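Take a look at the structures listed below.
One chain, chain A, links the two complexes that follow: it is found with chain B in the first and with chain C in the second.
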Partner chain A sequence: MAQRHSVLDRYLGPLNGPHTMGRGVAFWVGFVIVVAVLASFPEYMRRYDIINLSNFLISGFLALSLSLLWGYCGVLSLGQAAFHGIGGYAYGIVALNLFNAHGNTDLAFFAGVAIPVIFAAIIGGIMFFARLRGVYIAILMLVVSLLIGTFMRQTADPSYTIGAAYLGGMNGLRPASVEDPLLPSLIFGWGETVIELDGRRPAFFYFVLGLLVAVYLGLRCLVNSSYGYWLVGCREDPNRTETFGYDVRLIQLGVFCIAAAIAGLSGVLYTAWGTYIHPDGFGVAPNILVVIWVAVGGRKDLGAAIAGAIVLEWVSLRLAAEGEIAFLVLGAILVGVMLIAPNGLGITIGDYIRRGHDRAIAWVRAR
Partner chain B sequence: MSAVTEKSTAAGAIVETRALTKIFGGVRAVDGLDFAISDGEIHCIIGPNGAGKSTLFKLFMGIERPTAGTIALDGHDVTRLAPHLRARRGLAIKFQAMQVYQDLTVYQNLFIPLRRHHRPREIPERCAELLAQLQLTDTEERIVGDLSHGQQQWLAIGMSMAVDPKVLLLDEPTAGMSPEETRQTAAIMRQLNESGVTIAVIEHDMAFVRDLDTRTTVLHYGKVFAQGAFADIERDEDVHRIYLGKI
Partner chain C sequence: MEAAAEVFSYAYQYFDNIGFLILSASGLIIIFGMMGVINMAHGELMMIGAYITAFSYHAGVPAPIAVIFAGIGAGVAGMILERLVIRHFYKQLLSSLVVTWGLSLMISQGFLLVFGPTILNVPTPFGNFPVSGQTFGIYRLVLFGSALAIVATVWAVFTFTKFGTHARATMEDPDMADALGVNTRNIYVLTFGIGAAMGGIAGGMFALTATISPFFGINYTPLAFITVVVGGGANVITGLLSSVMALAGVQTAVNNLVNVYVGYVAMMGAAFFILLLLPRGISEYLERRKIRTERNGRGATA
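The block that comes next holds the complex of A and B.
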């Protein structure tokens, strides 16, 4: 049977399973060390670096969403950044309208996650119940993203206002008038308690890091549960899975909505981080970037996808001063990785570590 | 039509078609077929390539929609039902093409269908039972792509058995198997049938069909050409002319 391998499984059982890399003591110790090191960065890194690192972590959410959808359920979307953008705009529009009245962004935060889910439920319902599959979904989602981007770009006319929010065309979302509030960072409020998380401060970085860890661990539980098996069944052979009595369309729609929620969350955090959101996020490059992060890191593992996003975002930043070369380099990295390690670098390295670990244990036992 | 043809709609039919027709382009793959599988039997379906055998199974399962006619499962019309709803009513299939999850382990392959009717804690035990029945004990952790062809065929049958079906449709379950594996497959099918599962099987291996020695239907151009005990079918000159070859 599928044996549990780690002594930690008694406590970490739901987190461990066949659909994620790492289940032993060494993995979890390494995981805690990585998180601790990241959490210590604000102590000795420049503020500029922490601001950038916050943005890299926000990209990690987007990578997680595509890893879940593509890597686990086999549904490749070339328009995942659309949900990021919708989440960002939803957060901004609700925040601009309610901030003066509420003094916090609680509802805006919720709207930034919920509205992408509603949008995903509508478009996903149409796609999956029409039994669209494979490349058709990938292309359709890219077109949807481009259409939204095209629409948002032509909203420069002042008539494109929603209450206190002016869509602003190419310049992005902004207040409709000078009396309206500026686009706020995250401000959570419960009664008298107010927590402000400014995107330029370490508190925001800690919040994003904590949330990313929580979402990662939550998704680990999800993909290692029975639901994870259904996702993998849909990925491997949807027709066969359907003959076992599973409604593949509902499974795909469900994961599409969960992925939209996570992408929407990344949009919320991005808008709160920079206090701006603009239509460029719906373009071809942002959408393809997400695919590159996930493919290079390893689409079939959540942690590998996050690592791919953070590392490649760092590479992009380092190359940003060289102009458009960054995208060219990322493309070359993708081609190279696909040739050398088609499952992604993270998964390939993880496999080598696991084999080395197994050999070492066998060697010790033989002695 | 052959002289040995019986009345095609048997009493106590668990699967029954009426005037079932499927047209691909101008080709009538299944042509006004009235056909029944009796509850509790093993029913072999044979016939030349292009006779409409696999199309018939796809129509049963809902993978293909009929051009005309109806399909009833256990007395209920399922003609318009989606495949997963037919599966929930007790229909399971092993397709002609190998349909196992190649990159997953044997345990994972069985977990997915087993989870449909079992709680997670019950699955290891049920999985072990199935693997013993399929002679695949101790393969749980092996990647399916590393198994032999025969083992993969058995696993594919086991995955269909795992949903506890009333009716199991097997399309060429012994394709590519050695004679010994073929005999073992027949034994597995008999054992399964004795546990109450109705089985319909498409086969080209006449030794296998002879070994099963059950009611057999010969399909030809999408119609029932002959039907009866295999011994009678095998003696029929018309069946030899269109399919089995000269006596």
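The block that comes next holds the complex of A and C.
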């Protein structure tokens, strides 16, 4: 028994801790199986399903970002999709301008992550250092998102161009003139090597899956490190955390920026996936969707949030075939889950499994 | 004469914007200020009011009575929501925010399913009056007057009636009020119902000037919320009035100088700026200053 745990600790020590569910052998075996099953999908599923599944995984990033921010640090933002949109637009604008010169989208990828972080640092700096109350921050972020959306919607005038990129109002981002390149999907270049990841091909799916696993594991390390304890401290009792000598404002600002980076990454992937970005991404619907995924999955666990995003995206796709009931059902799911399992279904189910597991072990030992 | 017309036009727009903000925010401020719950479904309660008004009007009911129907309908809807869902989320600010947002999604999508995306219209009553060549709608002035009347009525109800005393006691200390024989459960339901009814009345009155669709309410909730937080919770009435006077002033000025979108952004920017200076809202600041001057005054006499 002691032997096995030390092996786990040696290799997975930084990944395991009190702030994430699942730390035993069973969990990690299950994790590897789930990832392997996902990775095998392109072998036998239809291309259409793989394209959709890529999009679900992209939503997983957005869910991760809100889970980190709201579930771990207690800072709710009702406008998390704004960073997704900003990242997507930043990627698109830089890619349209530099693609002819560089032949790759390296800088655009970087810009799509960096620009949301800069935006988050400015607006978060103002909000956290003014010590605004949590509710105000939540709704102000929604207002910010709606305002950006309103602005982007009225950019149909041809004067709204940034170099080779024309903002295009309701029609979404597009090239400014016929000579300019179309919005490219991800193309990484390193010297002579060029890797093209077309959003409709399995390679893109593998890339997104690999990146999602990497970000998930990275965030697990983060929330189980001492930084994770600071975050949870800010969530549980900001005054006490402050009394212990931590600057709550800086911790909140830091996590706000990390969450913006991950949301921006999801925006980059989304734009590259569909080679398309439009102002609807800043509206009420995408923002509320993120909150629904995270609240229903379980905000206090990274994995539960991803699972919530993927499952509910699948449910909405299914419901879309039945007419316009998708949002009604999702709203009902949200309200129902908040009433029955306030911590989210993923976490409630996880707790049941752990209790059953512990009981089984106790039973085996008693024999 | 030209200048006088200009001044009148500005004043007219200013009071129009004030009336608009008061009506949007008054129901929300009751629920937030007294119960500490932010009701993200407020805009949808207004939408319910707008639909009731439109349907009753087209069924032949006179407009003022249709608006009263709207208040009753939205009030009942609010009480049902309170009993079924919202009462489980008192004292949990962020969760109440999320759950009421879910309710708002359900209500607007439910209306979309039942009534479809078609837009309803109700003609604006009362006609126009001219001021040196320009015409102004009389109904806008009625909106402003009704907004003030609503604020005055609510203030009177919560100040002079037995229900008001019980309600304020419950909000101050629910356990103590309960121990003294106040039926706090009913107080919560009724207060929420009054807030919802005010939203319904506002929605009904806006229905006479705006087009009505299932997404009628979406734009009002953030606006109402901004008005409420700028006012602050220390004193509901002074908070609301000072907040709408400041925000409507910014909006009116920038609307005329630039355009409506920039006016809206400027109002949001002003709200943000006020919150940075006074994170607890204007009324908290006024209240503190009043206490300070009172204390200083007593110190001087002693």
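Just so it is clear, the second predicted complex is superposed on the first by the 359 of 367 C-alpha atoms of A that agree within 3 Å, B and C clash if a C-alpha of one lies under 4 Å from a C-alpha of the other, contacts with A are read in each partner's own complex, and residues count from 1 in each chain.
One rule holds in what follows: a contact is a pair of C-beta atoms (placed from the backbone, for glycine too) under 8 Å apart; a residue touches a chain by one contact, two chains touch by 3 or more.
Everything numeric here is computed off the predicted structure, so don't read it as measured data.
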Practice task
Identify the partner contact of A:L219: answer first if only chain B is touched, second if only chain C is, both if each is, neither if none is.
Solution key: neither
Exercise for the section: Mind working out whether A:Y229 is in touch with chain B, chain C, both or neither, as first, second, both or neither? Expected result: first
Exercise for the section: Name the contact category of A:D247: first (chain B only), second (chain C only), both, or neither. Expected result: first
Practice task
Name the contact category of A:N239: first (chain B only), second (chain C only), both, or neither.
Solution key: first
Exercise for the section: Specify the partner with more touching residues on chain A, choosing between chain B and chain C. Expected result: C
Exercise for the section: With the two complexes superposed on chain A, say which partner A:A272 touches: chain B (first), chain C (second), both, or neither. Expected result: neither
Exercise for the section: Using the touch definition from the top, say if A:P18 reaches chain B (first), chain C (second), both or neither. Expected result: first
Completion exercise
Listed in rising order, chain A residues that touch chain C in their complex are 70, 74, 76, 78, 126, 130-136, 138-140, 142-143, 146-147, 150-151, 154, 284, 288, 291-292, 295, 324-325, 327-328, 330-332, 334-335, 338-339, 342
Completion exercise
The chain A residues in contact with chain B across the complex are 1-3, 18, 226, 229-230, 232-233, 236-237, 239-248
Practice task
In the complex, go through chain C and note every residue touching chain A.
Solution key: 38, 85, 88-89, 93-95, 97-99, 101-106, 109-110, 112-113, 218, 222, 225-226, 229, 261, 264-265, 268, 272, 275-276, 279
Fill in the blank from the handout: Per the touch rule above, chain B residues touching chain A in the complex are 61, 63, 82-84, 87-88, 92-93, 95, 99, 101-105, 107-108, 111-113, 115-116, 120, 124, 127-128, 140-141, 159-160, 162-163
